[in-house]
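Paired with subunit B in one complex and with subunit C in the other, subunit A is shared by the two complexes that follow.
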Partner chain A sequence: MVEAPTILRIYARLIGARIRSQVQYRLSFALNMIGTALISFLDFAAILVIFEQVDALGEWSVAEVAFLYGISSVTFAATDLAIGHIDLLPEMIRKGDFDLVLVRPLGSLFQVVASDFTLRRLGRVGQGLVILVVALTQLEIEWTAGRVGMLAVTVVAGSAIFAGVWIAFSTIAFWLVDSLEVANAFTYGGNFLASYPVNIFGAWLRRLVLFVVPLAFVAYLPSLYILDKKDELGLPRALQFASPLVAVATALAGGLLWRVAVRRYRSAGG
Partner chain B sequence: MIELEGVEKTFTVWRKRGRLRRERQVVEAVAGVSFTIEAGALVGYVGPNGAGKSTTVKMLTGILVPSAGRISVAGLEPSRQRIDLARRIGVVFGQRIQLWWDLPLRESFELLRHIYRVPLERHRTNLTTFIDLLELGPFLQTPVRQLSLGQRMRGELTAAMLHDPEILFLDEPTIGLDVVAKARVREFMSTINRERGVTVLLTTHDLADIERLCSRLLILDHGRVIYDGGLEELKDLYGHERTLIVDLEEPGPPIEVDGARVARVDGPRQWLKFRREDVSAAELTAAVAAKARLIDLAIEEPDIEDIVRRIYTEGTPQSKP
Partner chain C sequence: MRLWLALARRGYQRYAAYPGATVAGVFTNTFFGFLQAYILLAVFRQRESIGSYDASDAVTYVWLAQGMLMTIYIWGWYDVALRVRSGDIATDLYRPVDFQLLWLTQDLGRAAYHGLFRGVPPFLVGALVFDLRLPSDAVLWLAFAVSVVLAVCASFAYRFLFNLASFWLLDYRGVGVLAMVASTFFSGMIIPIAFFPGWLETLAWALPFAAMVQAPIEIFLGHARGLELAGLLTLQLGWASLLLLAGRAVFAAGTRRLVVQGG
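Coming up: the complex of A and B.
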């Protein structure tokens, strides 16, 4: 294995060049960033529209849902910024460019993730943070050390859960060539599922986000603790603290699946 | 240095049968290949499209996992020790770009120094050598996307050699290049093999590459090695036929002489194939001159292109029961 500092140095060099070329055109970069942020605010507007009609969503007030949405958005955007370019994988596989990844002395997953960097995706992190901060000012949270710590842990664990899920679903590309849509359903759909209180979902969707694709651990379960809310689903209280464990398990599962999938790689052409 | 033993690679494909039904079909891309390449050799690997050349190279470099058989490259098992192997081999694909599209060559090389963790001193020495050898100087600062195909290939060759690999795999490195660029690439391959002792496995369609560079030739067809040996032996085995080309004063019917047959007639020009053992060139010329008035003549030695084409179409005694 290559040690971590070397990997980080190489990563910085790889994406450094990409960032330089994106910042080069300042105006277009700024517009891009603002555009991305605006589009994601529209996304949040959909939630506000719902609350025009109802006062609460499954016992969650607008500020509480905004809090969920904020956490989910920040973690999603952070994951997207770091490993979002895994969506280039189907294209790399179709063209056979994944060959080149395999003849370099670095991990294949790392190389795919570091193959590009889109700085404007920072716009989404900004949007998530703004909504999270606004939600926090509207909520009266009793801040204890445990809650503050939990908020920080949640963002990190949530990003790892998203990452594990994306990696797992991206490997479909090794079996099916046109898999981008399937994988997208779980990346962007995952953000959507993580942004809403799980108790409003139907039974099968609830089971899905709790036991199969553990998106309930991204924001919902830890938020129950941070906001000191009663769990309408009556799940064991321990689950509210389980996000870090689930994150490790999900990331490991994603990594393992990746290893298996790479051995299935068939390359392209002659 | 490179050892293959009964290596196979099969792909499962699903063919459409009717609207919904699909049929499973197993395609054997490589069907039991065994050979050994000693350290320091420069071996040509040829065969028609779809013969399994690229598939073999991909298994040797750790890109594909073989379906059966044993592979050892530099003492490592490629698919299981891919990262260790990557440090010790260089790979150039003529049809793919390994350099970073947006970066100037110099920055690509710098990035590779970090990826392969080459000591700075060593990197500088190597870079100077290759800049000299391949005349990269004038376009070192140009982004790769603006380079010509020939310039890019020279960059790719340098990129593959900067970490001092023991083995270099070249998959059609001269494809699409002009005569001058081809000559330069060949010169480079020959130099690194001779002076640095790098083992080279060269896949190519251009048999001139083989003729100039390789002492040993592996011919692959339908996933099997059908010839493994020297180039001279190949010519001796299959290249007995020489061609006498004569220009006659007037067009006429094919000339009938002992020991030769007319392969082609084009107006006053005729091509006569003959074998060294049957008749000498002088005897044949005299015999032809006795039958028709000659203006000009030339003798063509068998070329490797013809021989290989014949092997592709007719097979070899080795491949026929």
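Coming up: the complex of A and C.
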């Protein structure tokens, strides 16, 4: 097995090369980054339009929903930046490139994750951060050490939850190579979903994001604590503190599914 | 005529070749449909109506918009830009077929496939779960069908136009992404134009994008009758024609300065 420091050094080298190649054409890079930020801003524009018409959505004000949106966007964008090109997996399987991954002396998940790095996705992180900061200035939060700590923990845990979900759903490609859009429903769709208060969704969807694909732990549950809001769903208060545990479990589940899927992988080529 | 039918069939078959991708896509459209339907229903728990929309209209809007999404192919389409970039455009130029009409015909074939297999299924799922509003008479159904075809034409003409940027710019994707941001928001794809604040609503109806998504939906919901309905269809026809003509002019200008490297 290759040791961890070596892996990090390899990762830094691979990513460094990708970044240098992408900033060669400055104007092109700038346009792409602005475009990426604008596309993700559209979902926020929809929230603003909705709050032109109503004062609250499921008892959440515009600043509170903006807070959910900010957390969800920042965590999702960080995950997207780090492992988003896992979306290329179906293409790798189809072309037979995944066979190459298997013969190299490094973990297969690591290689797929390190296979690319799209720096323009920083635009999405920046866009989410801006909304999060604006939301924080609009909200009157009584900051305590617990709430500050919770905010920091939430960002890390949320990213890990998205990463676990992303990896888990991307493994469907080992069975059905055309399945990318199903994964999109829970990655991009998951980001969209986590930007809204979970209590407005139908019962089946609430159960799904609490017990199966734990998107409720990305923003909604920890935000109840940070914003000191009453939970319309009446869930146990302990769940508001459970995001780190759920994050570890989700990331582990993603990794485990990947292992199982790779073990039963059979090349498309003959 | 045989030629054009064959071209349209090619456009259809190109996408019909991946039924697995279609099923996955329907799953995703349906999932997003549920999310948006719940969000808009939460809005209508606060208010009876917004503009001409009540809760039932809004939920119907959601499933129609999900169906229109792939039918008009609002996102990433760079087929023409890629041909300019690769130089394949040179072979296209000496074909005895009009370049724009060739792509329009193929795109109509593609839209037929996406309309049937990506548009209808999510709507049916939505109709099973939610209380949707269907057109009350045959005239509205017919007008809706015509309106969708015009929407596809307008959307194609717009996509063709921003693809031509590749004649002048190395980075056609930057332009494409900005073009997509404008069309996604102002077409009414992510939130009905009727929900916009007044000035933004006026602006949206003055831009060509409403002809691509919002117009057919208004017709389906029965918000435009008689003269108003005729007005909407005329608006769509106008934008489709104008954008197609602009595309022809820009294409002519582009080919005049085109230099293809070859050996």
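A few comments on the model shown:
The working rule: the second predicted complex is superposed on the first by the 269 of 270 C-alpha atoms of A that agree within 3 Å, B and C clash if a C-alpha of one lies under 4 Å from a C-alpha of the other, contacts with A are read in each partner's own complex, and residues count from 1 in each chain.
Just so it is clear, contacts are C-beta pairs under 8 Å (C-beta built on N, C-alpha and C of every residue); 3 or more make two chains touch, one makes a residue touch a chain.
The structure presented is a predicted model; accordingly, all values stated were derived computationally and were not measured.
Contacts of A:L100 after superposition on the shared chain: subunit B is touched, whereas subunit C is not. Residue contacts after overlaying the shared chain place A:S267 against subunit B, while subunit C stays out of touching range. The wider contact with subunit A, measured as residues touched, comes from C rather than the other of subunit B and subunit C. In the superposition on chain A, A:A17 contacts subunit B only, with no contact to subunit C. Legend: residue contacts after superposition of the two complexes on their common chain; A:R9 is shown touching subunit B, with no touch to subunit C.
The intersection of subunit A residues touching subunit B with those touching subunit C, taken from the two complexes, is empty.
Of all residues in subunit B, those touching subunit A in their complex are 11, 49-50, 53-55, 58, 61-65, 79, 82-84, 86-87, 89, 91, 93, 95-96, 98, 100, 102-103, 107, 110-111, 114-117.
Listing the residues of subunit A that touch subunit C in their complex gives 25, 27-28, 31-32, 34-36, 38-39, 42-43, 45-46, 49-50, 52-58, 176-182, 184-185, 189, 192-193, 196, 200-202, 205.
Within the complex formed with subunit B, the residues of subunit A that make contact are 2, 6, 9-10, 13-14, 17-18, 21, 96-97, 99-100, 102-107, 263, 265-267, 269-270. The touching residues of subunit C, when paired with subunit A in their complex, are 18, 20-21, 23-25, 27-28, 31-32, 34-35, 38-39, 41-43, 46-47, 50, 170-171, 173-175, 177-178, 180-181, 184-185, 190-191, 195-197, 200.
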